[in-house]
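Worksheet: one structure, shown below.
Should a chain be cited, it is by its letter among A, B, C, D, E and F, assigned in written order, with residues numbered from 1 in that chain.
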Amino acid sequence: MRPSGRAPDQMRSLAFEPGFTKHAEGSCLVSFGDTRVLVTASVEEKVPPFLRGKGSGWVTAEYGMLPRATHTRGAREAAKGKQSGRTQEIQRLIGRSLRAVTDLKLLGERQIVLDCDVIQADGGTRTAAISGAWVALRLAVNGFMGQLSGDPIKTQVAAVSCGIHEGTPVLDLDYLEDSNAHSDGNFVLTGDGNIVEAQLTAEGALFDEEALLRLLRLARIGCAQIFEAQLKAVGR
Amino acid sequence: MRPSGRAPDQMRSLAFEPGFTKHAEGSCLVSFGDTRVLVTASVEEKVPPFLRGKGSGWVTAEYGMLPRATHTRGAREAAKGKQSGRTQEIQRLIGRSLRAVTDLKLLGERQIVLDCDVIQADGGTRTAAISGAWVALRLAVNGFMGQLSGDPIKTQVAAVSCGIHEGTPVLDLDYLEDSNAHSDGNFVLTGDGNIVEAQLTAEGALFDEEALLRLLRLARIGCAQIFEAQLKAVGR
Amino acid sequence: MRPSGRAPDQMRSLAFEPGFTKHAEGSCLVSFGDTRVLVTASVEEKVPPFLRGKGSGWVTAEYGMLPRATHTRGAREAAKGKQSGRTQEIQRLIGRSLRAVTDLKLLGERQIVLDCDVIQADGGTRTAAISGAWVALRLAVNGFMGQLSGDPIKTQVAAVSCGIHEGTPVLDLDYLEDSNAHSDGNFVLTGDGNIVEAQLTAEGALFDEEALLRLLRLARIGCAQIFEAQLKAVGR
Amino acid sequence: MRPSGRAPDQMRSLAFEPGFTKHAEGSCLVSFGDTRVLVTASVEEKVPPFLRGKGSGWVTAEYGMLPRATHTRGAREAAKGKQSGRTQEIQRLIGRSLRAVTDLKLLGERQIVLDCDVIQADGGTRTAAISGAWVALRLAVNGFMGQLSGDPIKTQVAAVSCGIHEGTPVLDLDYLEDSNAHSDGNFVLTGDGNIVEAQLTAEGALFDEEALLRLLRLARIGCAQIFEAQLKAVGR
Amino acid sequence: MRPSGRAPDQMRSLAFEPGFTKHAEGSCLVSFGDTRVLVTASVEEKVPPFLRGKGSGWVTAEYGMLPRATHTRGAREAAKGKQSGRTQEIQRLIGRSLRAVTDLKLLGERQIVLDCDVIQADGGTRTAAISGAWVALRLAVNGFMGQLSGDPIKTQVAAVSCGIHEGTPVLDLDYLEDSNAHSDGNFVLTGDGNIVEAQLTAEGALFDEEALLRLLRLARIGCAQIFEAQLKAVGR
Amino acid sequence: MRPSGRAPDQMRSLAFEPGFTKHAEGSCLVSFGDTRVLVTASVEEKVPPFLRGKGSGWVTAEYGMLPRATHTRGAREAAKGKQSGRTQEIQRLIGRSLRAVTDLKLLGERQIVLDCDVIQADGGTRTAAISGAWVALRLAVNGFMGQLSGDPIKTQVAAVSCGIHEGTPVLDLDYLEDSNAHSDGNFVLTGDGNIVEAQLTAEGALFDEEALLRLLRLARIGCAQIFEAQLKAVGR
């Protein structure tokens, strides 16, 4: 029995609130249950040095957590003067995930920065961030599609966590489950059924090939719902 | 004529949304027009080193701006590895302002950290932050009033900006006015009519004693409305 | 009764020693009583990036305190690896104050950096720094006036602190008064009678409109003396 | 055809040189082909703050690359003043992997730090580091087994990379393959057949469930050889 | 012929102004010609962690240069966020030199911090700093001699630079000579004729044993004059 | 009697292993007894900003110590976020020493970076680094001699430490001797008999002119052996 009373393959309530802020070219407040992440997509007419003059664009991400997004206050990274290893790991994952569904050539020499800031955390902030980032990216690209020769977004991308909770594989872990899970993982999947990233970590109990496959199947169930909600959010 | 069409002594629409996040002991999303700041109050059962064992509490503040709170994206301070002078100046001002209306002895040996994070900026983020911080502080203190011998919050505190815009003193500058103001200032006032802080800066045109007094009078008008909205937000 | 025996509207002894160092284009050792600040003005034939190619110059300031300028030794900011919020607040104030009396267009595309280093501190280091910076700036500009079409320095600028000490408004607080003042402020005034900056902070007791005006009047008295001493120092 | 002429399921030549340095309680120079990583295990009679007094030990890792371990010189992280996101991600992975096979209670209140420094890089530095770290850890623990009530190392742990190279799943990618792989991953497996970590990333082409399983099977082949070589290195 | 017209074994004019600042337990403004360094000695009733409880004191030094002490303005180290290698090298040398003549046991568990800040630079700042630091240290120790069982200062210490200028060994190089010297060095000598430190560096031309000895003899001549001036400064 | 049983003028066993790593243009693992330093020479077709367009090359060095190169583990400088004063002092010394025997004009507009990383430390890491750096530099320069009009390496350079151990001047101190030496020094000598650098420091006992000369003579004996071993390593 899950602490939240959810069925093993049941997602938390999902919400995408597009256009949450007015300045960004694309923005979205995404909620996976009580986890809320604000994603903004900023379009910049320049690319990082290693891409200059190569006719290719770039998509990158930054991730942050407000100090009191969590149960007890965490130190502000700006005040500490550096980003934690966890922060850097997450923002690298978000960037790779969104680039995996973007045709950087079609984007032209521009960069889109996806800022993912966790307003409230209750487990799964990185998967909510990736899922919301697709919405913000889609909205931002819509704004300059007229200048492009084709749509640089090849397909949707979404992410969800899965784990073994008290011996049962479950979908979309909340904080309570996450803290107690024997092993868990994050899957990033595309709208056309492929895997972009799979990261599984055993804590306490290890896991085997069968468990890996069961978690992947749960992830497919979750991402299907996310894909649907994303489309509604961008008005398709 | 103000760009927004407001009268010289007219505030932008004010809103305080208490309890915006679930983990913090007190929280509030404050809006001064399109400026939106999330303030959380975190209660910690410890005080900074210089106060240990002295039977006194502490109130402090941190301030941050999400990278795309503004018209063009600003670099993330956590990624740059340091807080700007502007950030530090603002968070020191917020802390002083709230301490000015708090009886630190009555608070007991605990610290309240006020995190003020700007979700969207349109001028006046520091004054919105101070005004919202009072609401978050009030709500946080309410939660442990049973452990105290008296109310440590002596009175309300609110802040508003004023400036000379095209020769006319105006109240509560938005971004457009702020960028063009010849001189402006921030006033922090208490519920019982006193001045906590007054900061006036001339840019371009200088100002004289009479202008200073006219701005102060506008600030009184603005703060009166803020005080009223704060009380509603905390349910009094 | 003031600890120093001074009358409420009495400044400490003022001294400006121009040309204190030989390399700087302008320099001045300014003393407000036992507070001694060395200011150097360095002329650089380049401007910050945001001004390049715009035909305008820039004036900026940096502030520092020698570790043992104070009663007990403070940590060296270079060794700590960052400047405190207080340092940054002060150097921003000095820069704004000097720019307020400078015609940046007339200056041409060059930058003047005002380094204000406190040799000995006894209260009022920022006001001494601003007052001395004007002398260093004046001397530095004199050195290249021949290359300019007009004098970029529009008027004098000076600063002084005031505060309520044991119920009495007093001028030019020394360290003892500053530590005990219920509320105090810094005024930056121009030679032609206008206000550049006014910063008032209540600590302990708050203050009202009348107190504000009384402090401003004291500031005018103090700045009049500083203006006179500045003129002597630059040989006018 | 692989650039190196290896068969798809063929590892590079493996070597573990135990006791490479004399000061460390355990050390090992591990080679996966031309990739060479020096791992030292340092035993410290203290634990991180969050474990103090809890009767549990800790195993952690740090990772670094000598500036000229690579084809072109990379900037020294100590000189840049911070560790890259990649470095932090890798050292977190190494630490988790070794903790997964360690009984921290049996270790007692001591910490073992595994320093993994890449002397020469040719792909697979993190998998070589994990595999070599087990040898260094084993040697270090051997040194104080007399003080323990049981062996804290529950089983072996090894890691290897796999990827899709020109359409074919291949084992243990070298630099040339790694730079061109359409998708690749790292598997960390235990001596008793379980998965500790699985990380798969699609670059360019995405991958599906079948590919994931084929890579996992390759990883099992590679790790079996590593396990054997590890045992020889520690003299069992 | 030296640019300054001095004889090869002629020092610049020497001056020690004791008590230059009022807060420090010992202070001295030392001048070697146009090189002026303010040294303060701060007595702290605590020692660094590695000495706690060992009944021994410590003497350490910090060195800094005001940004415009030099011909062209150098960046402020506090603003850059780190001390240069040169700064660290010099402050380590000053600390070692003063510890060499101090009986740390007799000092008791207290630390003396020598802050050496260069007000104006014209070559030889580190040698002036060492020579002035002895005066500041002596004055500071005089202040608490009553609490000690003996004088912890065993003898005087002084330093001077020497170099080969256009083929001639010369004493006490000024900036012009220093920039053009083919090889130069710094000698730190004690009042009883011993060498504490000798550092020689060849730039351009190398030097041989005879040159080394000739420079050392010049250093003895210079230090003899410094010792005499130090004694006068401390009133002996 | 030396702890190692060596005669006073006896070096530890010397070894230079050229070509230790495959990517660097020149590399060498140098051993002075148990002290082992890996030096790589990286050739970069650019020079530092201050040399651009001046037709001159540059040689610079960086130094690091693996965390467990020493008896007890030292903190990783990359993790601490800064290089110690000792590290900076040593890398500056290595750079100066190698530049002293290089004709930078003949090198052309390219930079050679010498990375000296201590794998294992037992005293004398900086002298081993300098001696090994010459081998790496020689090998790197050999690789592009065809592009040059002459050999930019004017002569050999080597370094060795000497010190007074229990009253006796001894050559090439190991860790045990180094920790107990009353005074010691490092000499950097050229193949044609000149001094590049001499650094002597008295700890505890001071030393006089005669001791200085005796140490220098020991250094000549040691460097003669190093020069011979260097030549063998580079195949001459």
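Everything below uses one rule, namely that a contact is a pair of C-beta atoms (placed from the backbone, for glycine too) under 8 Å apart; a residue touches a chain by one contact, two chains touch by 3 or more.
Only a predicted model underlies this, so the values are computations on that prediction, with no experimental measurement involved.
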Touching both subunit A and subunit D we find none
Where subunit C and subunit E touch, do the two copies share over half of their residue numbers, giving same, or under half, giving different? same
Of all chains present, which has the mean Cα position farthest from that of subunit D? C
To bring the C-alpha trace of subunit D onto its twin subunit F, one rotates it, in degrees rounded to the nearest 5, by 180
Between subunit F and subunit C, distance of the C-alpha-averaged centres to the nearest whole Å: 50
Find the geometric centre of each of subunit B and subunit F from their Cα atoms only, then give the gap between the two centres in Å, rounded to an integer. 59
Multi-chain touching residues of subunit C, meaning two or more other chains, are 81-82
Report the order of chains around the ring; begin at subunit D and proceed in the direction of subunit F. D, F, E, C, B, A
So, in the complex, the side of subunit A touching subunit D is made of residues 82, 84-86, 88-89, 91-92, 96, 100, 185, 190, 193-203, 206-209, 212-213, 216
Subunit D - residues contacting subunit F, complex: 21-24, 27, 34, 38, 40, 42, 44, 62, 64, 66-73, 76-83, 87, 113, 115, 117, 119-121
